[in-house]
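Structures given as structure tokens follow.
In what comes next, subunit A is part of two complexes: it sits with subunit B in the first one and with subunit C in the second one.
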Partner chain A sequence: MADAVALRPLVVPVGSPLPPNLYAVACEFAGPAEVYHAAEKIRDLGFKWWDCYTPYYVHGLDRAMGQRKSFVPWFTLAGGLGGLVGAFLLVVITSVWVYPMDTQGKPYFALPAFVPILDLVMILLSAIVSILGMTTLSLLPRLHHPLWEWDAFMRATNDKFFVVIEANDPKFNEKATAELLKQLGGTNLTFIGDVA
Partner chain B sequence: MPAFPPNAAQTQEPPDVALARAGLEREPYVSNGHNAVWVGDRIAAVIQNPAPTWWWVCLFIALGLAGFTGLGLIYLITTGVGVWGENRAANWAWDITNFVFWIGIGHAGTMIAAVLYLTRQRWATGINRAAEAMTIFAVMCAGIYPAVHVGRVWFAWYLAPIPNGNAIWPNFRSPLLWDVFAVSTYLSVSIMFWYVGLIPDAAAMRDRVQNKIGKYFYAMFCLGWRGSARQWANYEFCYLMLAGIATLLVISTCTVVSSDFSTSVIPGWHGTIFIPYFGVGAIYGGFCMLIILLVPIRQFYKLEDIITLRHIDLCCRFTLLMALLITYIYGMEFFIAYYGGSPNERHTFFYDRIRGPYWLTWYAMIFANSIIVQLFWMKKVRRNPWLAFCIVLVPSVGMWLERYVIIVVSVTRDYLPSSWGMFYPTWVDIMTFAGTFGVFFLLYLLFIRFLPVIAISEVRGALPEANPHHAPVVLAHDAPETDVTEVHHG
Partner chain C sequence: MSDHGILRLPAPEHLKPATFGFVRGVLAVLAVVGLVLCLLGGIFDTRQFAFSWFFAFYYFFTISCGSLFWVLLHYVCNGSWDILIRRIWENLAALFPALLLVLAPILIFPQLHDPLWAWMGLVGTDNHELALRAAYLNYPFFYLRVALYFAFFIFVALWYRHRSIMQDADGSPTWTFKLHYHSYFLMTMWALIETFASFDWFMGLDWRWSSSLFGAYHFALSAQAGMAACIVIAAWLQSKGYLARLNHEHYHLAGKLLFAFTILWAYFAFGQYLLIWYANIPEETIFYNDHNRGNWPYLTYFLIVGKFMFPVIFLLAQDTKRHLGRLTGIALWILFMHAVEMWWFIMPYAHVKSLVPSWLDPVCFLTVGSFMGFIYLRLMSAASLFPTRDPRLPECLTVSN
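So, the complex of A and B:
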């Protein structure tokens, strides 16, 4: 029985029998304008678990999808503040208490002379935390994704635009959702399954 | 109401107005009306086509040249810093000159990638990747010198804030320690900025290449990027934040590098002008190096429609702007030496620099940095890539001479005439420096072979068709006959 499930194809065109563990229904659009207008309609219908796939950043698409502003800048701020405080503690504790060294008669606590170090560590930490924030919020790195089973999806980084509505969405219904995507102008309508 | 705003052909404009309108129109970022698919194919072709013969020839030349640095460093480390020409008068000479020269080239790359991004100069999408790569490799070349000039490189780890058993700790009040932090942070953040920019392009390459090793490499490199709109929204914000951070960092780094000099009391160094001086000089030298890299790349890989003549033109204009600024700073140094009233400063500038033993270097510097670039006032020169290439070779040398003048001319003539002297480079100095060009070009050649030399997704995003609200312009002969506006054929 388990073997039979594994042999069923994971990617099938809409209209065929459903694949195992249905992940989503997906379709293709020709250009950024088409995917943008489709996204506005899907947003207005109240879908939550869905996404658009584009080869480049389409300006305004996040708003057309009803997304909130990205959270990444807060990671930058947190990283910067953390770096600043951390560097201050490192520099002051070592220079004033742990290893006080009298060099050139400079005071142990010489804030102006510490500024470059504080600034640079702050910059370093804010950059690292921004990137970690971006990858975390984008659920990266990722070694596998159900969409990669679909050969047509290889063009999502080249010249095609995709809309994918996941089966997790409360408003999802195999037939009605596929019909919706068709009405919005989507082509190559496909059901995507998932392993296990 | 017509469906689209009437264009020049539809509304009957007087010819002079039409001409003025044509003059105001910007050149497109990608010329000859190529679309997003063409952009991807052409840039990926650089990687996917077999390496051209010239690439192999250049690679072996660069490899051979890089060997000089390797040999020079091995000889230095096994023998001692005495193999360099440094002496009591000139404790710093070619090592720090070369360090400032290379780090300066790095600054321009960040300037192009980050500052032009923040200021919404979207033409820079065509050249920012090449510029960022230049930054990283130039900073790597720069980093060699501070690491080895300490003499006993096996103690270089003392510079890092690591707890140790010697009851000593780095002196955070010293500009030389700031330098360690600045250069290492600069290298790290430049690599991160470059890497983040590469993620979507690596994904595009993953979906494009057929061979298994290549696919695996790009799939790992892009972290499993899918290009979902939710990912793009976070990605764009991250890139924006990194551009802001990199801008701050480039200012911090050139401030720290200039502080190595200006916090000391050597005549000719002890000036507040050093921060803008180093910043401008850095960007100047870097733009020259960028033109040197872009002109052959666009020609040999047939990327003229992406790195257009306009890009070369704009780089030349930046070079000219920086030349004017640096000329102003050269003048201001003399003015402050005169106006400041310090006899030592006056002696440094009005005697040592222009009449002292190194007078020829100073005049060569002025010719290379201030005079030759004035040719870029002419549009014909700016729009002739190979001519621009030949011209910027001169200020590239000039920027090295500038650092040589600042460092060697100042340290060989300080306050105490009995310690005055001269500096002569040894063959190890020359070999090690010549080799850094090999290291730089070797890394650069490998970069253009394996990673997209132009940011594919960014250039695509800057095309007019990428705007979801873009309406194709209706040409007069395509417009429907029933349009209410009067249509003129022909």
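So, the complex of A and C:
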């Protein structure tokens, strides 16, 4: 019996029996304008757990999806300030107390000489923390994603536009949501399941 | 989104006399009254007048110089976002003939240029240091260079403005390609001319001092001033009901560049200081000694806080750059700090011991400023306020970032 469950297909067209561990209902759109207007309607209906997949950046799609400004700049700011303070402590502790060296008669606490180090460590840390923050917020890196089971979806990096509404959205209902995507002009409506 | 609708291009806009007639009248009166006061000042306190007049000249020279940079940069990188505001820069750069007129008294009268560029007063004396530099610092070569600078600035600025206005008439994309084709060479020339002009006029205030980073420093402050002036003028035009298609996306992009050039200015200004401080060679440190006597250091610290820290922190937030009021406010502040910096740079050579403001500083500044404003309004009303038939105008109207 367990084998039978595992063999049930993970990707089925809408209308067929549901796949195991339903992840999402997905559909295809022909172009950027269609996906843009569909996104506006889905946003207005109050969906939270959903996403659009496009082969290239569609200007204004983030606003059509009702996405708020990214949180990543705060990571950048925190990394930058941390780098600034950390580098300041590093150079001041080493060159003023731990290992003071008389260089050309300059004072031990020589702020102009420190500035390039402060500047560069600030930039380095803000960049590293931004990338880490961005990948963390995007739940990356990951080894597998349910959508990758769907062969048609591979064209998201080529010439097709997709909208995927996840099953854990509070407003999700497999019949009503699939019907909604159909009304919005989506084709190739598909249920996506997950292995666990 | 413009997916379904047809993008409507804005009609050419011309400045209505009702908008600027009063302003222009006020500027004309101010310029004439100021000129009389300046003449009196020039007669009774010639030395101070030379410095104050040069301060006023240099403030507006850097703005025009930076504006020409932005015009050339637009063509060098096939820009499109700044087409709606490009005419503002073209008009600012077209002020070079007026700037030549402003500099003319200093170039002509030895009573004015001898105190200003001290080496000129030493020509003919047996000054050993000057003799070593005589190949560069001599009258004929200096005037030849000044002629070359102004010939370049005036020709390029007027040529680019003229071709851009011709495109308004025939709408041919050929003009865009032609100006693009020439822009690479002219941009290189601009950098050289701007560097040597800053050497001769600005660094030449102390002819014994030299800094190899000076051209870059001067470039950053000019471009920053040009961008700030453009933002302020665009905001003024919008408040009068022109340039209605200019939106927060354009301001965001302009704000980003203003932010970048604020940092670039600080980078070069500090880099120059750091290298000189490190090497500690007397003929280089002389500049910072001259600028930090008596109560001058307070002004130096004010520059660091007011021209770098405050604008950078303020412009860091995206909301500032997308908000017209805030962006205009910070652009005005940067223009004010630009005047402070010019004053900080020039005046230690007039008042060696300590910081002494003179009544001639604001009077000369207002006189030259009113004159520039008067000419600027004439230039602005002579053509449409933006390039109406630039082939990339639709790209500019729908820009998003």
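FYI, the second predicted complex is superposed on the first by the 196 of 196 C-alpha atoms of A that agree within 3 Å, B and C clash if a C-alpha of one lies under 4 Å from a C-alpha of the other, contacts with A are read in each partner's own complex, and residues count from 1 in each chain.
Assume contacts are C-beta pairs under 8 Å (C-beta built on N, C-alpha and C of every residue); 3 or more make two chains touch, one makes a residue touch a chain.
Remember, predicted model here, so these are calculated numbers, not experimental data.
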Mind checking the superposed model to see whether subunit B and subunit C fit together on subunit A or clash?
-> clash
Answer with first, second, both or neither: which of subunit B and subunit C does A:S130 touch in the superposed model?
-> first
Looking at the overlay, does A:A33 come into contact with subunit B only (first), subunit C only (second), both, or neither?
-> both
When the two structures are overlaid on chain A, which partner does A:V72 contact: first (subunit B), second (subunit C), both, or neither?
-> first
Quick one: subunit B or subunit C, who's touching more of subunit A?
-> B
Where does A:T187 make contact in the superposed view: on subunit B (first), on subunit C (second), on both, or on neither?
-> neither
Touching partner for A:L120 - first (subunit B), second (subunit C), both, neither | first
Tell me which partner A:G60 touches in the superposition: subunit B (first), subunit C (second), both or neither.
-> both
Would you indicate which of the stretches 22-30, 130-138 or 148-156 belonging to subunit B has clashing C-alpha atoms with subunit C?
-> 22-30
Subunit A positions within both the subunit B interface and the subunit C interface are 32-33, 36, 59-60, 69, 73, 113, 116
Going by the contact rule at the top, pick out the subunit A residues touching subunit C in the complex.
-> 32-33, 36, 59-60, 69, 73, 104, 112-113, 115-116
Residue ranges of subunit B in contact with subunit A within the complex | 36-37, 40, 161, 167-169, 171-175, 177-178, 181-182, 185, 188-189, 192-193, 196, 200, 203-204, 206-208, 223-238, 241-242, 245-246, 248-249, 252, 255-256, 259, 457-458, 460-461, 465-470
Subunit C - residues contacting subunit A, complex = 1, 3-4, 270, 273-274, 277-278, 280, 318, 400
If you look only at subunit A, which of its residues touch subunit B in the complex?
-> 31-33, 35-37, 39, 51-62, 64-65, 67, 69-73, 76, 90-91, 94-95, 98-99, 101, 103, 106, 110, 113-114, 116-117, 119-121, 123-124, 126-128, 130-131, 133-135, 137-138, 140-145, 147, 154-159
